[in-house]
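The two complexes that follow have chain A in common; it is paired with chain B in the first and with chain C in the second.
The block that comes next holds the complex of A and B.
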């Protein structure tokens, strides 16, 4: 039982990183991405391959995974971020499919069978194979992610991002270099998703393309929406809820997706801004008025 | 030297000639009004000056710098700010945050400095905050700094948009119909505000339909009609200019002749 809770916690932590990074793109910068799992997968494969083939230690593999995923985010962002809404949705969706196909078809990625025997992280001679230690490692990364993103969105860069989200043209007229900001945020989000991928690969020790397809992109998107766009606490709650919920619904496995869908619809009717989204400002405003 | 030079600016949308060889200059420190009937090309002119639309031909210079290939955010850096006809606030932000966004360019710190802000960055932020609060005071919104921008009344939004543009500390401020939708009292307040703004060593280019505001505030007026500049000069002259009166009220002579007259004598006849 304890092992099971540890496993859930580790997975929830990995999902928190993914959700926070996607929230940067969607909730803060107001852009669309339906291919976020691709960066997750790229991070996982790069980290796994560099460990397996070159025997790189975990920290180096992690950094490489982030750099590679970030570079792919940059490469996708540069030509596409002048696109808007539905067009950007289709391009990112396409990107996800392409990455998925590459993973399935390359020999080096092990094709549909994926990669096995990915070593558990060893840092300064300390093995992170025991789940308790791995959880600590994940929590450390979650904390780091939250710190960086919190600082970023509460700086004047965050203001610029929200300006882009609210009114891109106006932001531009006011001197915000909107293309640079959009590419920057896409790159950062991709790198963070890459880190999540690396943590996932070395924890599960076996990866195949199935984990990084459209289904995962949609799941992470649901976590963002459930928690609330533009809310960090919301992302944490959203990710934990949807990571744990399937376990609670395990008995009703056949109806899982049905219940998911119903819950999301109810939420969107009842609280379209998500569980924790958009509440802060209006509360302050109410208090002021009284 | 003039602050803004608009040189033979032409903008066509397919067959529609929104701007046709428009040339005028804005002198430093003056308030220049851009007027004309609906569809005259006034907002298009702003959008081209701003960089939101590329011109079909012609050039725009700000203080001698050719703006043609510069994106809007670069033009802002050179001292160009504007407000919009349909107010464009950042609805999800507070009143203060809207103004602070206008200070964006005043915070030249790198991405890492923002992540681990040192004393210098915090000082810059605090300074920006004070400036923003001063501006809110100027436009009479100081008590509403924490309000969500979208909860403001219409007239207040107009003033917030002006405060936000002023936060950019521009050299040239383009105001697109600042009095649109305001009642006479609010318009009076606005005129008072603009008069105060003028003391800030600022040059204004204003699109406006409200003639009391135009005549009372501006030093010079440029009149556009169907994309062409038909007159420019002091308010007293424009008020009596036959072509301006014709553009606004129409002419009662034969249709053909008026069409002829348009094409024949449209090279601008500045009266000064």
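The block that comes next holds the complex of A and C.
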């Protein structure tokens, strides 16, 4: 039972990183990415392949995973972020399909079977194989992510981003370089998703393309909407809720996607601000917790 | 080989074109992407297949019923997932449409199960040899039927009062309202027409691939959206052209480059179009 709770906590932590990074794109830059799981997957594969084939230590693999996912985000964001938000949604969805096909078709990625025997992280001789230590590692990364994102969105740059979200033309008139900001935030979010992928790969130790498909992208999107777009604390709560809820409702597993789909529509119509409401309320919540 | 692939591409391309028309018309009038278009395609196919499986229904009635059911689903979607959110940030209806798409897909999975259903009627189609290439008359029939529907749509939009009213709403919704056009009704009509065309495409592909299943709309829906952008979003002839070009490109890409990456062709084209010519082949109205 204790092992099970540890497992759930680790997975919830990984989902928090994913949700916070997607929320950066949706809630702060006002764009939609439907291929977030692809960056998650790219991070996982890069990290796994570099440690399996080159024997890279975990921190180096993690950094490489972030760089690679971030570079892909940059490459994808540059042509599309100049356009309207709908394009990004469909391009990222398509990107998810392309990445999935590449993972399935390449031999180096192990095809549909994926990769096995990914080593547990060892940092300065300390193995993170025991779940308690892994949880500490995940929580550390979650804390670091939250800190970076919190500092970012409450800086000059964060205000510029919110201006873009609320009214792009006005932001542009006020001298905000809107395409540059959007590309920057998209790259950062992709890199964070890559980090989550690396953490996932070294924890689960076997990965296949199935974990990084559209289903996962939609799950993370649901987490963002449930918690509230543009609310960091909301993302944490949204990710934890949807990471744990399916485990509690095992019997309703067949209805999981049905529920997520309905949840998205119902929330947007009746409570578009998500569980925790608008930015201000959620910030108070965060401060109280800290 | 080349001509064979060309005809295969034109057949699937005509289905993409029909779905792309739905995307383009709805985008033209609302400025929104109806992400659930692929599920409407799936719904049309399922209704026709289930009706035909009873053995009591004529093929043409089943076809019309499939299109009707798709139109009804489109209308319901407009009421439930789009209308309450009109005027919100464009992100909001986009996400609610994604929700609708996931919902319908998993609902179909629960009701119909995950396995493929073959098409209940066996058509006896012969192959015609044309310039050394064998074309099945099925492909020809699908292509002709799709072209017929497209021609009807173009005539409707050009020459009828309702068609012109839809164009007026797409050009300028507020002015159209001032001219006495009931904009809400025109939006609903657009959803009905676009969805009926997608439903027709679904039935055609259910016959062509001899398979109907809950996820069948996912990839065609996404590819058709790429087709709409390729042709110039909001542009009706553009959607037709984009669909056909995409179908052919995909078929040739699978034959000459790598068959494993067939489904990636559409998205690579999409990214290239956005990079090089974001307004599409024929200039779209959206931007």
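Going forward, the second predicted complex is superposed on the first by the 265 of 290 C-alpha atoms of A that agree within 3 Å, B and C clash if a C-alpha of one lies under 4 Å from a C-alpha of the other, contacts with A are read in each partner's own complex, and residues count from 1 in each chain.
Methods note: contacts are C-beta pairs under 8 Å (C-beta built on N, C-alpha and C of every residue); 3 or more make two chains touch, one makes a residue touch a chain.
Being a predicted model, the structure only gives us computed values, none of them experimental.
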**Report entry** Fit-or-clash call for chain B and chain C when the two complexes are aligned on chain A
**Finding:** fit
Query - Which partner, chain B or chain C, touches more chain A residues - result: C
Query raised in the report: Is A:79 contacted by the first partner chain B, the second partner chain C, both or neither?
Result: second
Report task. May I ask you to decide whether A:95 touches chain B, chain C, both, or neither, giving the answer as first, second, both or neither? Result -> second
**Report entry** Partner chain in contact with A:205 - chain B first, chain C second, else both or neither
**Finding:** neither
Query raised in the report: For A:156, is the partner it touches chain B (first), chain C (second), both, or none of the two (neither)?
Result: first
Requested in this report: Classify the contacts of A:273 with the two partner chains as first (chain B alone), second (chain C alone), both, or neither.
Outcome: neither
Requested in this report: Once the structures are superposed on A, label A:178 by its partner contacts, choosing first (chain B), second (chain C), both or neither.
Outcome: first
Requested in this report: Answer with first, second, both or neither: which of chain B and chain C does A:169 touch in the superposed model?
Outcome: first
Report task. Look across chain B and chain C in the superposition and give the shortest C-alpha distance you find, in Å. Result -> 11
Report summary line: Intersected contact list for chain A, partners chain B and chain C 165
Query raised in the report: Which positions of chain C touch chain A when the two form their complex?
Result: 32-33, 35, 80-81, 84-85, 88-92, 94-96, 98-107, 109-110, 218-219, 222, 225-226, 229, 258, 260-261, 263-264, 266-268, 270-271, 274-275, 278, 286-287
Query raised in the report: Mind pulling up the chain B residues that touch chain A in the complex?
Result: 50, 52, 71-73, 76-77, 81-82, 84, 88-94, 97, 100-105, 107, 109, 111, 114-117, 125, 128, 146-148, 151, 164-165, 168
**Report entry** Sites on chain A touched by chain C in the complex
**Finding:** 26, 30-32, 34, 76, 79-80, 82-87, 89-91, 93-95, 97-98, 101-102, 104-105, 165, 214, 218, 221, 225, 229, 254-258, 260-265, 268-269, 272
**Report entry** Parts of chain A lying in touch with chain B, wherever the complex brings them together
**Finding:** 148, 151-152, 155-157, 159-160, 162-163, 165-167, 169-179, 184, 230, 278, 281-282, 284-285, 288
